[in-house]
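Here subunit A shows up in two complexes: once beside subunit B, once beside subunit C.
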Partner chain A sequence: MPTVSSQDVLALAPVAILALGGIALLLSEVFLTSGKRGYQAFLTVLFAATAGLTAFGATPGKVFAGQATADAFSAFVTITVSFGLALAALVSASWLDARGAERGEFYALSLFAASGMSLLGMASDLLVAFVAIEIMSLSTYALAAWMRRGKKPAEAAFKYFILGAFSSALLLYGTSLVFGATGSTLLSDVARGPLQAGGSALLSAGLVLVAAGLAFKVAAVPFHVWTPDVYEGAPTPVTAFMAAGVKTAAFAILARTVLAAYAATGGAADSAFPRVLAVLALLTMLVGNLFAVPQRSVKRMLAYSSIAHAGYLLLGVLAAGLPAVRERALSGVLFYLASYTASAIGAFAVVGALESNGQPGDEPADAWDLERLAGLSRRRPLLAFAMTVFMLSLAGVPPTAGFVAKLLVFQAAVGAQYLALAVVGVLTSALGAYYYLRVVVYMYMRPAAEGEPAGVTSPVLSVALAVAVAAVVVLGIGSEPVASLARAAAAVVR
Partner chain B sequence: MTISANWYLLLAAVLFCFGLVGVVSRRNILVVFMCVELMLNAANLTFLTFARQQGTMNGHAIAFFVIAVAAAEAAVGLAIVIAVFRTRGTLWMDEVSTLKN
Partner chain C sequence: MADRAELWIFLLFAIPLVIAAAGVVAARNPVNAAMSLVAAFFFLAGIYVLLVAHLVAFLQILVYAGAIMVVFLFVIMLLQLHDQDMQDAKLKAMQWGGIIGASGVLTVVALAIQQAGEIHWKAVPESFGTVKAVGMLLFTQYLLPFEATSLLLLVAIVGAVVVAKQRI
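For the complex of A and B:
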């Protein structure tokens, strides 16, 4: 009978801080009746910062009989998620304030979601992963439905819920088959392979279902159909948080699961598992980029671009299968996630600041049209500059974070002999530059339409954008400190 | 007469497939939702059968986790279904489609 030690409890401190923070904000809604809620975003930032710092100082080791692992990897995930949460909270504050929809439950739900994401970074057991995914997902379903009187948010939340629940069910059934084959849900036991000689088919079936469930969460093609609709319909700050946080957490558990699956299926490069993953990565890179090109709506374009980025990240996870390049590939993936968090939240923040403040149930169809960005450089030069930085980073142009991230992942892919996939990655990135730079062209070279409103502006939003721009530039120019953190994080994952 | 464990596994697999097909093909939101629950319960049955077969209690404990999670999921899910019904007045998937390319 395993007992719970104080080390077990301490390791969960970041998760507990985020969850308790959420509960505190929920209770503040009960007891504080003042209409002013500006402080709640700052409290959220405070909780996020505390959680990040706690994760940084955690003693590494396996806890709860190996069901969770507190190591540099989980710390990196928690810090990235906390950073995303803090940025998204500031962006939400100005967005919700402009619509009179600011309530403590919003930040509480964000904190609960972040606690699930943080737990997901630690999970080294499929059941813990399932519970963490559900904590994360249930909170984000509710967040997506935040402006519930609107048609689009309700529909987005509904689609997200149905497909999310469906993918969780796939994951769970897969877990049950893995449990049957290996007698355990621990990833370390799964890596040892089936109990009996005849169990390998059962194990493979289970792992395929688990991988399919996770592929839904990271929006890999062909499990991506929900992404554009949900990202477009959800409130913009929520989309930003979903794109960055859910992706980071889901890739963390995907990486741990895939490594266990490689070990369980023999780890040979010619086994079917890496080949399936390679096809997924290829399709995701192609479909994400190709479908982003014709989009007029910037928000929908960013949704497809998020699929494309999932493809590059999958390429990194695939390369991690080879023990020789594992450390390089995983550190590339982690760096990519950090850089994507800053760039995507920043880009969605600008989109949110410019979108029309329509009445619920009566959103204009072109709320996020490219035209709304026309002439932005003259109306709001700083906002246009920030958006340019984010677009360059998402496109992977030096000297931004996105460039370094892509470089690290593609280098790892080449090192793992996935030459063709790396070439496809570079080519699709070039295609990506077209639709990202089109946004820049609209902002700087097109005249503004008559009577185009200047958009929302607020000090908190400015702070959030400044931090995001600084992060993108610092990660691009002086990437070494974060890259070395990512390497240290990747080195501990077996 | 005892029934072999494989029949339970088969039943679970059949239930899972019913749920899977239902989610993909049914057009009523509530029916789709019930199909997802069916899939979760198929997983539960599989956990219990394997736990019984292997003589461990782990699978039984997992079933409780799944039941708790499914309850939370139902609470959030039904709230979202109500939000959709309020804005549209319908529960048919085909009519809930403002978001399209």
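For the complex of A and C:
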């Protein structure tokens, strides 16, 4: 009979620290004596940093009867999520403060979401994965509904909730079918294939449903329909956190699940499961990029671009099917997630800074229009520079993090003989450069319209942007330390 | 002979279950849909009893048919939905899309079952579905998800309060 050892408990330390942080921030609201809430964001950053640091020190191994795995892979996910949480908390502090909506519950829910994401990075059991996904999702549903001023946010929050619940139901149904076929929810048992020869069809049906549920969470086409509306309607810092954190955690469990599925059903390019994934990756890259082109709203463009990035990441997960390139593909995916976290949160932070006219409650209908960025280089040179760096990184232009990330993923795809998909990836990236660079052109080459406001910035936001810019540039130029960390993390996942 | 009897009892629960479940989807009035759902839960509990999973059957009635359905009915009555809200042309199109999609899924699952041929299921242990067996599993093999659920419930409570606030 399995018993709980101290190693089991210690392995969960990052999750526990994030959850305790959430409870501390909930209580901070109870014992509040003044209206000043500036410390809450710093407390969040502190908890995120502690969780990230403890993730480094975890002893590798399976814990809780194999239900979770503490390894370099889960540590990398926890660190990326904690980094994203810290950045998003600083961005939120500035954004919420300008609107008088800063509350302890906001940070508490962010911390709870991050603890769910961290647990998801460790999950090696479909049931743990389900509970972790629900912790993450319920927190982000509530965060998306944080400010319901106007029609769009309410609609976005509701849509997110309904479709999220639907995808969870798919995931759970798939899990039950997998349990029926293999007699276990452990991914290591799923990898051994069905108990009986006839159970393979049942197992495939279950795995497809699980994959569909996860594809909802990572916003892969054709499960992406909710993404543009939700990303546009949710408060901008929440969108930033959702885009970075949810994607990181969901791809972590998707990678572990897909590897188990490969082992159970065969990972060769001509077997059924990789073919389904290949179609998903192809559609996601094409649709995400093509729909981003005509968008005038920068926030909506970033939402479609997040779909496109999910496509590139799926390509990496697909390439991991071939054991020879598995390590390279997974390390590429991990590096991509880290680079996307810094770039996307930074880009959404700039969008959030510009969407208000300065007075509380004064939010124009075209808050995210490209025109509002016109002439930003003269009004706010540093803000324009930061946005340029993020756009270049998202487009994959050297010497930014996005370039190295794309290079690693495409190299792995070529190594795994997915030549056509890699070519599509490169071509759609070129298409992506068009709509990312359009933002830069507007900032630097279009004159500002009369009376365009400068937006709302604050010292905390400047710190967050500086950190994000530094991360993007450092990951791009000196990518080796993080890349080797990602390789080490990928090496343990078999 | 025992198999034949079991099959008849299964059909006794399964056929009304499918009819009740179809009633949930087809009913125009939300209250009727909710009541059909209660009926479906009861017949499903009957199938659990047939599988000797008494605890699951008991929880099914206690939690779903009892607690959750009462909340369902409260919400429906508070919202006071009217029949005509459900008669939108767009909804009609969605219904047809749903029928096509559902029959597609049904075809795939049926093909999968047919392809699988005869599966010899492993017999479950004698204690399966009893309170003791479920408790043992919850506190040994599934301890982590069980404990993580407490965090999930906390998040759900905080989230519900946040969403229910008039204005932040």
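The criterion applied here is as follows: the second predicted complex is superposed on the first by the 482 of 494 C-alpha atoms of A that agree within 3 Å, B and C clash if a C-alpha of one lies under 4 Å from a C-alpha of the other, contacts with A are read in each partner's own complex, and residues count from 1 in each chain.
Note that a residue touches a chain if its C-beta (ideal position, glycine included) is under 8 Å from a C-beta of that chain, and two chains touch if they have at least 3 such contacts.
Here the structure is a predicted model, which is why all the values come from computation and not from measurement.
A.B. asks: Please indicate which partner A:145 is in contact with in the superposed arrangement: first for subunit B, second for subunit C, both, or neither.
C.D. replies: Once the two structures are laid over each other on A, A:145 reaches both partners.
A.B. asks: First (subunit B), second (subunit C), both or neither: which does A:175 touch?
C.D. replies: A:175 sits against subunit B, while subunit C stays out of touch.
A.B. asks: Just checking: does A:189 make contact with subunit B only, subunit C only, both, or neither of them? Give me first, second, both or neither.
C.D. replies: A:189 sits against neither subunit B nor subunit C.
A.B. asks: With both complexes overlaid on chain A, does A:166 touch subunit B (first), subunit C (second), both or neither?
C.D. replies: Only subunit B is touched by A:166; subunit C is not.
A.B. asks: Does the superposition put A:355 against subunit B (first), subunit C (second), both, or neither?
C.D. replies: So A:355 meets neither subunit B nor subunit C here.
A.B. asks: When the two structures are overlaid on chain A, which partner does A:125 contact: first (subunit B), second (subunit C), both, or neither?
C.D. replies: The second partner, subunit C, only.
A.B. asks: State whether A:134 touches subunit B only (first), subunit C only (second), both chains, or neither.
C.D. replies: both
A.B. asks: Return the residues of subunit A at which the contacts from subunit B and from subunit C coincide.
C.D. replies: On subunit A, the overlap between the subunit B and subunit C contacts is residues 127, 130-131, 134, 138, 141-142, 145, 148-149, 157, 183.
A.B. asks: Over in the complex, which subunit A residues touch subunit B? Could you list them?
C.D. replies: 127, 130-131, 134, 138, 141-142, 145, 148-152, 154-159, 161-162, 165-166, 168-170, 172-173, 175-177, 179-180, 183-185, 228-229, 232-233, 361
A.B. asks: For subunit C, which residues are in contact with subunit A within the complex?
C.D. replies: On the subunit C side, the touching residues are 108-109, 111-113, 115-122, 140-145, 148-149, 151-152, 154-156, 158-163, 167-168.
A.B. asks: Give every residue of subunit A touching subunit C within the complex, in rising order.
C.D. replies: 1-2, 4, 19, 23, 26, 63-65, 67-68, 101, 103, 105, 108-109, 112, 115-116, 119, 125, 127-128, 130-132, 134-135, 138-139, 141-142, 145-149, 157, 183, 195-196, 198-202, 204-205
A.B. asks: Could you list, by residue number, the parts of subunit B that touch subunit A in their complex?
C.D. replies: Per the stated touch rule, the residues are 9, 12, 16, 19, 23, 29, 32-33, 36, 39-40, 42-44, 46-47, 49-51, 53-54, 56, 58-59, 62, 65-66, 69, 72-73, 76-77, 79-81, 83-84, 86-88, 96-101.
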